[in-house]
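Handing you this structure, nothing more for now.
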Amino acid sequence: MTQTPTPTPTAASAQGGPPSLGDGSSNGLVRRSSLTQNTLPSWLWIALLGGSIVLGAALSALLGFNLASFFIFTAAIYILSSYIVTRTRVNRRRATDGLWTNLVYLAFLIALMPLVSVIWSVASVGIPGLLAPGFMASDMQGITGLVDQASQTEGAPVLGGIAHALIGSLLITLAATAISVPIGLLTSIYLVEYARGGLLSRAITFFVDVMTGIPSIVAGLFAGAAMAWFLSVFSGVTGLLTTQRSTLGITAAIALSVLMVPVVVRTTEEMLRVVPNELREASYALGVRKWRTILKVVLPTAISGIASGVTLAIARVIGETAPILVTAGFVVNTNWNLFQGWMTALPVYIFRQFQNPTSPNFSDPSEQRAWAAALVLILIVMGLNLFARLIATLFAPKQTGR
Amino acid sequence: MSKRVDAVDLNVYYGDFLAVEGINISIDARAVTAFIGPSGCGKTTFLRSLNRMHEVLPGARVKGQLLLDGEDIYDPGVDPVTVRTQVGMVFQRPNPFPTMTIRENVLAGYKLNGARLSKSQSEEIVETSLRSANLWNEVKDRLDRPGSGLSGGQQQRLCIARTIAVKPDVILMDEPCSALDPISTLAIEDLIGELQQDYTVIIVTHNMQQAARVSQKTAFFNIAGTGKPGKLIEYNDTTAIFNTPQEKSTEDYVSGRFG
Amino acid sequence: MTSSLTQSDKRGVAGDRVFSALTVSAGVLILLTLAFVALFLTVNSRDAVYQEDQGGWILTAFLDYAYPLVIGTLIASFIALILAAPVAVGVALYISHYAPPRLSKGIGYVIDLLAAIPSVVYGAWGMSFLGPALIPIYGWLHENLGFIPLFAGDPSQTGRTIFTAGVVLGVMILPIITSVCREIFIQTPKLHEEAALALGATRWEMIKMSVFPFARAGIISGIMLGLGRALGETMAVALVLSPGMLTASLISSGNSTIPAEIALGFPEAPPGSERQAQLIAIGLVLFLITLLVNMTARWIVSRHKEFSGAN
């Protein structure tokens, strides 16, 4: 946490570290010690920090001790005192530099706190829930308020699980991927390989940007409305369709596609643009057609980047709740059919378990299930992220390796 | 398996910009012809128009005729892809396909076009092409390693092997040695000398010694000023261009007083 | 004379045509989809502003319904932005210029993971952990600063207030802003930085002289991107906030945001009803607001580009 200024200028420039020749104007160049005269001993910072902790604890105790106020007081006292010390012992520029260094470190610590807190809260309740019997394998059919009540009052195990939600999430996300990857891939191929700066390509680029900003709930509203319209027209034409309700798994998949397509277009476009033109020319010069060049030279060269981009896009939409909530609804039993009936996705399951506990008077079992489901969801998303990184590094073509 | 190339009143445009103007040249089969000239004089543009590679850039077009053994490659019915199977090209920087092994790189012309080859056929193509490119002995034990793992000079010879493998009539080379060290350059120059027995070789180079070493004929291109089109100034036997140039600007250029 | 050049495989030519047509139609499909989004939202929200049996246009009724939600959305987003932006820039600086090189890669990855945590998890965290933790602070603020309208009103006993929602949103957009800023900071030309250091600048002066001028447009666009995310974020708010009437107090329950209103109301709204039209209509309003924010960001970036030193 404390910075110990190193007096070697080389280290400073190489690491972007603090230049130690803070105020050269007043130094005689002859005396060697002039290089170190502007640095303060490192024990000073430890002493200051220790003092701040003690003082912070004391001040916080005055207001009724809690961790937050302790942290705030300690940080404030340490930052202020080190500024004053540097300001009086060295000079203003160094003091400002140190002040900002401390603030940057503080920002980092502040950012870490919610992360640690989120992971702690998910893990502490989620892990026991995850270990409950049949959590991954069963759905919520037959889990009524009475069952939950029994688990609280009679010591029975918490029953019910997320099998239906996992299956729903999997199906909906797969369908969304199947819709958006071809569209996104082909569009970016058009933008990079075929478009020559015409009106269409500029319109697509612009509107893909617009699409990136569509709030997820709006995407859900659109998919629901579009599906309702499509179903009414379709059943009007054929007279065959019986389901008029647009609440289907596939509607959710369409909503997610609206969110996914712009991400896929953007990442793929970036990856295709990085493919050196020389490779395309080499292929053309061998008498290879453009579409074969794109499919067999350009795409394979960019495939690792594209795959990791697609994986990240999947990771993003698999955690979406709102668009699925308004398009696919939620049920307690497993539904394998994207085209018939309501469907539960994992994020919606979490939301419903929190918002409407199965047993309103005994919400603990519901919350335990919700946290465990949240843990599963986080693990899935993190796994996808890791996987994306893995493909990006493992399958990256060796451009210059000898 | 080798064709002559004739340009008749050839103009090359990029959009409205006239890049190369009024080229008339007859390039012999089974010989090495060098294009020399200062930067931006249009020699690379003209070279790329010989297999319609310049069309890859938007707005590029050509007026005039370019005859490959008497057939105009700019005839309306001609597919540029067919032209490129007959006129191969080697680029400034070695560019083997990074996703392919050495073997696949040599066979790229077939594989990318979806051709099916029997194992013996492909073995034969790989070996003859690599032998013709003087690379066989260096890579025969590691044909299944990535092509990008070779040295720069080896990569460039791999690219030449890849070009030979599809059996073109003409091979275009766009400053093939400019990214290579002197020893690799020597290897490529030796190879060019051998290739002329079977192919029409046209090479663009900035290195006049190289032009003198490898070519039988030399064409000197020049440009009057920025924004003006490049023109063919003089075309003759290489010895004549370097020893008894007819034009003042050729003499200035080859004697190092210019450019 | 039949030329060898005019022979070409018909299938190959067709392949080229089919493939390029495919790519164009994919692009056009995206444009059509977006047009459909606009069209459907507009058509379906008609009932919210026009009802035959209520005497035609009922625009004022809709506005009365919509404006508290718009203001609530903006309040939550701005709380998020004020909290997150400085911290995010600081963290990005830490990663790019302060952390030891070996550590910074790992930290960058941790930040990316923070961005990947689904919003519903943040909502649950805000509801069950952050909210209760903030209750004493709300009490203290009310006791000591109650004269300010922002802290007037009865402090919430569950912690489920618009301020808590804003903090959760801030935590959510923090990694987004951080990763945009970090990308830009890393791209600062090393030459500029070394030039500043060689002149005897301290690290902070170097950052002020060479990094910030270079990164200004990037920082702004990162912040705007975060704002866009905060405006449209649904679940975190829907879980954290116990919605209610519009109130100036940040620490008592009340207020709501557009996405939360839609998420809570839509599953209960009968299809084709006026209520559903109303929800779709405010969805359209939300869409327009985020569009405005994104366009502004783009405009700022394009305006600053020529001064950023990026060229």
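Letters A, B and C mark the chains in the order given here, with residues in each chain numbered from 1 onward.
Keep this in mind: contacts are C-beta pairs under 8 Å (C-beta built on N, C-alpha and C of every residue); 3 or more make two chains touch, one makes a residue touch a chain.
Which protein is which chain? UniProt says A = Phosphate transport system permease protein PstA; B = Phosphate transport system ATP-binding protein; C = Phosphate transport system permease protein.
Owing to the predicted nature of the structure, the values given are computational and were not obtained by experimental measurement.
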item	value
Chain closest to the middle [Cα centroid of all protein chains]	A
From chain C, the most remote chain by mean C-alpha position	B
Euclidean distance of C-alpha centroids - chain A vs chain C, Å	13
Distance from the mean Cα position of chain C to that of chain B, given in whole angstrom	53
Inter-chain centre distance, chain A versus chain B - centres from mean C-alpha coordinates, in Å	50
Multi-chain contact sites of chain B, meaning residues that touch two or more partners	81-83, 86, 113
Junction residues of chain C - those touching two or more other chains	12-13
Residue numbers of chain A (touch at least two other chains)	289, 292
Sites on chain A touched by chain C in the complex	12-13, 15-19, 21-22, 24, 66, 68, 93-94, 96-97, 99-101, 103-108, 110-111, 114-115, 117-118, 121-122, 182-187, 189-191, 193-194, 200-201, 203-204, 207-219, 221-222, 225-226, 228-229, 245-246, 258, 261, 265, 289-292, 294-295, 315-316, 318-322, 325-326, 329-330, 347, 350-351, 354-355, 367, 370-371, 374, 377-378, 381-382, 384-385, 389
Chain B - residues contacting chain A, complex	51, 53, 56, 58, 81-86, 88-89, 91, 93, 95-99, 108-109, 111-114, 146, 148-151, 159, 162-163, 166
Residue numbers on chain A that touch chain B, as the complex places them	196-197, 276, 278-289, 292-293, 296-297, 300-301, 303, 397-402
In the complex, chain C residues that touch chain A	12-13, 15-16, 18-20, 22-31, 33-34, 36-37, 40-41, 44, 86-91, 93-94, 97-99, 101, 107, 109-114, 116-125, 127-130, 133, 136-137, 171, 174, 178, 193-194, 197-198, 200-207, 228, 231-235, 238-239, 259, 262-263, 266-267, 271, 279-280, 283-284, 286-287, 290-291, 293-294, 298
